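Consider the two complexes below, in which chain A is the common component and chain B and chain C are the respective partners.
Up next, the complex of A and B:
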C-alpha cells in the first residue's frame, strides 16, 4: 500500500509539472494583459510601467523561471485583477465549488444507488421502466438548457427561489438541482446494469438458497459487488464537478472556481488561471487516490 | 408411507425468445432420511431443475412450474408463502453447488457468510460465531481460528467446497442437495469431499440428493439413482441395479460410453521420435512450474500427460509451443530445437504442431463463421493453398471430422459442444499437422460425446498418421486412448511408461493414489476400491 501511494504521488507530481508548463505558455497566447487593463489611450510610459510591475517585459523563459521559483516556495503570485494573492482567490472559489460538489454528489450517489438497485431487482417492471426513462432524459439533457429552463420556471415564473447569486440556503437549491440531473441519470444507469449482473450471479443464488430476505440479498450481497464499476463513474462525475461546473456556476452567478477560471481567462489574469488549475488538479489527484483506496476496501481481492 | 421429500409429476417450462423449453416433464422421485439419491444426467437433461424448484431458485418468468407438487414432510411447498419457503431454505433444506468459488461472495469473510446462515434463521450473533468455528473444524479447515476471518479467494478449490458444506450444514438441515459438488475438483480432492459428505450424513441422518453427470460419483455414494434424459426420468433403481442391469436404451448407451473398460493400446514400434523433450523447465520468478521434464513422442503415438491442477501439464504444452519461453532444457521436433529456434523457422514449424483447447466455446471466435475459422489457417500461411481451393478443402475437413459440410457458413453458437470441438479439430487439421497437442480437449464434454470425439481422434490418427500429446486429468479416458502415459505432480514427471504398465502396475505412490481416487462406475468395484483406498490411507 505504501509503495502504491508513493508511486502514485510521484506520477502525479510529474503530471502537475507538465500541467504547469502547458498552462503557463498556453495562457500567454491569449494576449497581453496591458491591453486589457489600461485604457486604449494610455501613454506608452504607463503601459511600460504596468508591464514592468507585472514582470511582463522579461523574456518568456525568464518569466517562467521566476514563476517556477516562486512556486517552489508555495508562492502562486499576485492576481493582476484583484490585488490579492492568486491562491487566496482560488481557495475562496474552490471552497464554494467543493461544497457544491460534495452536496450534489452525496445526493446523487445515495439516490442513484437506491433507485438503481430497486430498478434492477424487477427488471422490466413499471418502476424500472420509469427510472430508466427519466434517467435517460437526465443523462442526455444539456445542463445549460436545464439551468435556463429552471430559472425561467422556478425563479421568474413561480418566484420560489432566487435566480442567481449567493445568500441563504435557497440560493443553493437550483444549482444543486441542475447539477444533480446528469450524474444522477448516468450513475443510475450504471448501478442498474451492474446490479442486474450481480443479482444473477452465483453467490446471490447461494444467498437465496440460504433463505435470506430480499433486503440483505440486494443491499448486502449484491450491492457491494456491484459498486466497483459504479465508483469509477462516480469519480469521473465528481471530477467534472470539482473542475468547476463552469456553465452552471456562470449561469447562476455562483462564485465557484469554475466561474473564477472563466473570468480570469477573459481577464488574462495568468496567476489565477495557473493557481486554479493546480488546485483543482491536486483535488482530483486526491479524489482518485480515495477511489483507489475505496476499491481495496470494497473488494478484498484488490491489494496494492 | 410419507417420504421426507417427494416430487410428484413435476413439469417446468422455460419461456425463451426461441420458444418454450420443457425443462422437465412429469418428474417423480422421493428421498428419505439417511439415504442418498443421485439424479444422473448429461447437460441439458434437466437434472438440476427439480432441485432448483425445491429451493425456489427458478425465476418466474421465464420459468413456469406447469404442474406437479413437491411434498416436504407431506406438505406441498409450492403452495407455501414466500416467507414459509424462505424459512425452509437453509434451515430444513440446504444446497451446495458446483464451482464453490463463484458461489461464495468474494467480498465477505467466510466466517460472516457461514454465520449469516444461522443469524438469518434467528441464531444470535455470538452463538453463530461459536458454531461457525465448530463447523470449520468439523469440515477440516486447517488453522480455522484465523481462517474464519479471511476471504474465499484465499482458499483452495477443495477447501472452498468444504466451506460451502460447512455453511449448508450450519442449521443441521434434514436434506442436503449437492449439485455437481465435485465436478470442478481434482480426483483426489473429489474423493475427500465425497467421503466428508458421507461422514456428515452418517452423523446427522440427513437425506442427500446428489445431482451429477458422473457414474463414478454415483457408484461411490448413491443408494438409489434416477437417470434423466431430455427432461424425463428414463430409469430408476438402486445404484447397482441400474449399473448392472440397465433397461432403458439411453442408460445402456450412457454406461457403454463410460471410458476405462476397453482394451488398452499396445506400445507403438520403435521409430525415431517426432518430439523429444530433454530437461525442459519453466520458472516464474522463484516458482518452478515445470521442473526438467524429459519425454518423447513417436510418430503415430498418443502420449497422455496426466496430473491434477497445478501439476505443470499445461505449462509443458505451452512451453513446447513456445507460447511460454522455457527457462531451461530443450525440445527437439525432428531434431530441431524449438526452444532456441529463430522466429521465422518457428513460424513455419508451427504449422506442423497444432493445438486443440479445452473449451471450444471460448477458443472459437464467436464472430467468425466455421469457414472463416478453418480457412484462417490458410490466410496466415498463404503458400499452402490457393484461395480458389479453400472452400473445397474446408468441405473436406468438415467431412473428415464428421460434420455436415453445408453448415460451413454457420457460427459456433449454432453448434452443440461436441460439434464445436469437432470444428476446433478441423481447424487444427487444416494445416496438415503431424503433432496435435490436446489440452483437456474432451474434459468439458458429456461422456457420450467424449467417447465420440475420442473415436474421431483415433480414426484421424490411423488415417493421417498423427501423433498426440494428450493432456488430461481423467484417468479412465487416458486408459482407453493413450499408448503411453506420463504422470505429473507439482511440476515434475513422477512416472512414465506404457499405458498397461501404469494402470496395472504403477510404481510410484502418487500414481497409486491417483488411480485409487479415480471413481469406477461399477458400485461393487467402487466399494472394493474404497476399501483399498482406506487401506492406503492407513498405511500412509
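Up next, the complex of A and C:
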C-alpha cells in the first residue's frame, strides 16, 4: 500500500507540474490584463505603470521562472485584481465549495443507493418506472433553468426559502437541492444497473433459497458487491463539484471556488487562476486516492 | 404525519419573515451585480466600488449634482489664482472615521496618492492622465493646487477625487477604507457582504438610513427577485427583461452614449458624403422599444444632455435612405470607392442586445448600398481597433462603442474621442484640435458656448461619427423606500439620499 501511495504521489506531482506549465502559458494567451483592469480612457503612461507594477513587461520566460521560484516557497503571488494573496482568495472559496460538495454528495449517495437498490429489486415495477423516469429527467435538466425556476417557485412564489446568499441553514436548501438533482439521477441509474446484475447472481439466489429476508439480501450481500462501479461514478461527480459548481454558485451568489475561477478567467487574474487550479487539482488527487483505498476496502481481492 | 408536515411548513414560513427583515427598519440592503475586488477609495470611479464607497465612506472636495451643478463638499469655496493654480478653502471641524482631523495635508496626500506609481488608481489613470499636480498647503484649511497644463475645470476634476487621511499608504490599497463620509466601513466578508453603519461624528446632516448591507449577485433575475421578496431594498442595475413591475422598477438615463466611431483617414470614410450617407441610412427610432429600452434618447453628441454645452438645437439625422443613396452615388461619381468593404468592429456584451443592434445597423447600411462586414470580438481585441495607434495594415474600419460621461463636462470625452492625439479618436483635424483647446481653456458661459459650437461642427459640418443613443439603465427599488435613481446611480449610490416612506 505504501508503495502504491508513493507511486501515486509521484505521478500526481508530475501531473501538477505539467498543469502549472500548461495553465501558465495558456492563460497568458488570453491577452493583457491591463486592457480589462484599466478604463478604456486610461493613458499609455498609466497602462505602462500597471504593467510594471505587476511584472507584465518582463519576457514570458522570466515571468514563468519568477512564478515557479515563488511557488517553490509556497507563494502563489498576489491577485492582480483583489489586493490580497491569491491563495487566500482560493482557500476561502474552496472552503465554501467543499462544504457544498460534501453535503450534496452525502445526500446524493445515500438517496441514490436506497432508491436505486429498491428500484432494482422489482425491475419494471411501478417504483422502478417512476425512479427511472425522474432520474432521467434529473440527469438531463440544465442546472441554470432548475435554479431560476426554484427561486421563482420556492422563494418568490411560496416564500419558503431565501432566493440566494449565505447565512443560516435555510440558505443552503436551494443550492443543495439544485446540485443534488443531476448526480442523483446519474448515480441512481448506475446503482440500479449494477444491482440488477448482482441480484441475478448465484449467491443471491442461494441466499433467497436459504430463506433470507429481502432487506439483508439487498443492503448487506448484494449492495457491497454492486458498489465498485458506483464508487467510480460518485468519484467522478464529486470531482465535478469540487471543481466548482459554477452555475449554481453564480446564480445563488455562493462564494465558492468555481465562481472565483470563472471571474478570474474573465478578469485575467493569472495568479488566482493558477492557485485555484492547483488547489482543486490537489483536492481531486486526494479524492482519487481515497476512492482507490475504498476499492480495496470493499473488495478484498483488490490489493495494491 | 400530516400534523408534523404542517408544523414543518409553518416553521419554514416563520423563518422566511426573519430573513426578509434582517437589516432592521432603518437599514437597507443593496444588491450589486459585481463583487468588489478592491475597496480603496482611489478606485471609486469604478461603478461597483463607487456605489459603496463614493460619498458614503469617502467624500470628495467638490461634488457634481444632477440638478444644481458643481457644489462644495469638503471644500467651502474655491478661487482661480491664475497660472493654472486654484485655491481651495476647506471645511473646518471635519474628522475622519479614525478620529484624525481633516485638513489641507490630507487633500495634498490624496492627490499625490491617486498618481502613485506603486499602486494603479483608476481615478488618477482616468481623469488625471498627462496632468501634473503640485500642491501648496497654505494653512490647515487652505490649499493651492496647480495643474500643468492648466485646467480651467480643476474644481470639477476634483469632484472625482476621494480624500483619505495623510497616513494612508502610498504603496498598497487599503482593506478598510477610511474617509470623512456619513458612514463607516465596518465589515467586508469577502464573497458575501459589506456592512456600513452611520458615522456618529459626521459633520453634515444626519441621514435617515442607519446602516447598509451590500450583497453581490451576478444574475439580474436573482437581483430582481431579491427586491421583490423583501431580501433587498435596491438593485441598482437590473436587465431590461427583469424590469417588469412598474411599482418597483425605474428607468433612468445612465450617462452612456452609443456611437459608431469612423476612421476618417481612410477611403471611403474620408469623404463627408459617405459619412452623411451612413447617418441618413440609420432608422434610429426603429430601435427604441424593440431591441433597446423605451426611454432611450437619440444622441446628437457623445455626452448625455445634462452635460454643459450640450447643443439642444441639434437634431438627429432623419431616416432617409433615398438621400443616403444619392450621397453615395455622388461620391462614387467623383471616384470615391463607396463599394469598398468596411469592417465593423463590435464588442461582445458591450450593452444588452449589442449583437442585434449592430446586425440591424449593418442591414440598414447594406440597404443603401454600403458594403459593411460586422465582426464581433472580445474586449482586448476590440481595444486594439478602438485605441490609437490603429493597426497599420487595416482597411477602412468603423467601431461600435459605448461611452460613459456622468461628470458634467465634455472635457472628459472630447479630447479622447476627437482630438488628433486622442486615444480613441478617428479624426485628424487641426481646426477641431484648436476648438477643443479653446473650449477646454474657457470658463463659464463662454465654455458652454464653445462646446456647443464644437458639437455642431462635429455632428453637422464634418459628420465625424454616427451618433446613436443615450442609453437608459433599470433599477428595482423596494416600495418602502423614498428613493429615485438618477444619472449618478451608474457611478454612486448615496445612502444619505435615501429615506423611508
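A few notes on this one:
Here is the rule we go by: the second predicted complex is superposed on the first by the 304 of 304 C-alpha atoms of A that agree within 3 Å, B and C clash if a C-alpha of one lies under 4 Å from a C-alpha of the other, contacts with A are read in each partner's own complex, and residues count from 1 in each chain.
FYI, contacts are C-beta pairs under 8 Å (C-beta built on N, C-alpha and C of every residue); 3 or more make two chains touch, one makes a residue touch a chain.
All values reported here derive from a predicted model rather than from experimental measurement.
Per the definitions stated earlier, placing chain B and chain C onto a shared chain A by superposition produces no clash, and the two fit side by side.
By the touch criterion defined above, A:37 reaches chain C but does not reach chain B. Looking at the shared chain after the overlay, A:210 reaches chain B, while chain C stays out of its contact range. More chain A residues lie in contact with C than with the other chain of the pair chain B and chain C.
Centres of mass aside, this uses C-alpha centres: at chain A, the angle toward chain B and chain C in the superposed model is 160 degrees, to the nearest 10. Of the two partner chains, chain B is the only one that A:300 touches; chain C does not reach it. Contacts of A:77 after superposition: neither chain B nor chain C is touched. When the two complexes are overlaid on their common chain A, residue A:46 makes contact with chain C while staying clear of chain B.
Of the two partner chains placed around the shared chain by superposition, neither chain B nor chain C is touched by A:138. Here chain B and chain C sit at a least CA-CA distance of 30 Å once the structures share a frame through chain A. Common to the chain B and chain C interfaces on chain A is no residue.
Against chain B, in their complex, chain A makes its touches with residues 201-203, 205-213, 216, 221, 224-225, 298-301. Chain contact summary for the complex, chain A toward chain C: residues 30-32, 35-47, 49-50, 52-53, 79, 81-84, 89, 92-93, 96, 148, 151-152, 155-156, 159-168, 170-171, 250-253, 255, 260, 263, 267. The touching residues of chain B, counted against chain A in their complex, run 55-57, 86-91, 94-95, 97, 99, 102-108, 116-117, 120-121, 151, 153, 164, 167. Across the interface of their complex, chain A is touched by residues 9, 12-13, 15-16, 19, 22, 35, 37-38, 40, 45, 117-120, 122, 124-126, 129-130, 172-173, 175, 190-192, 215-219, 221-222, 225-226, 228-229, 231, 378-381, 383, 386-387, 412, 416, 423-424 of chain C.
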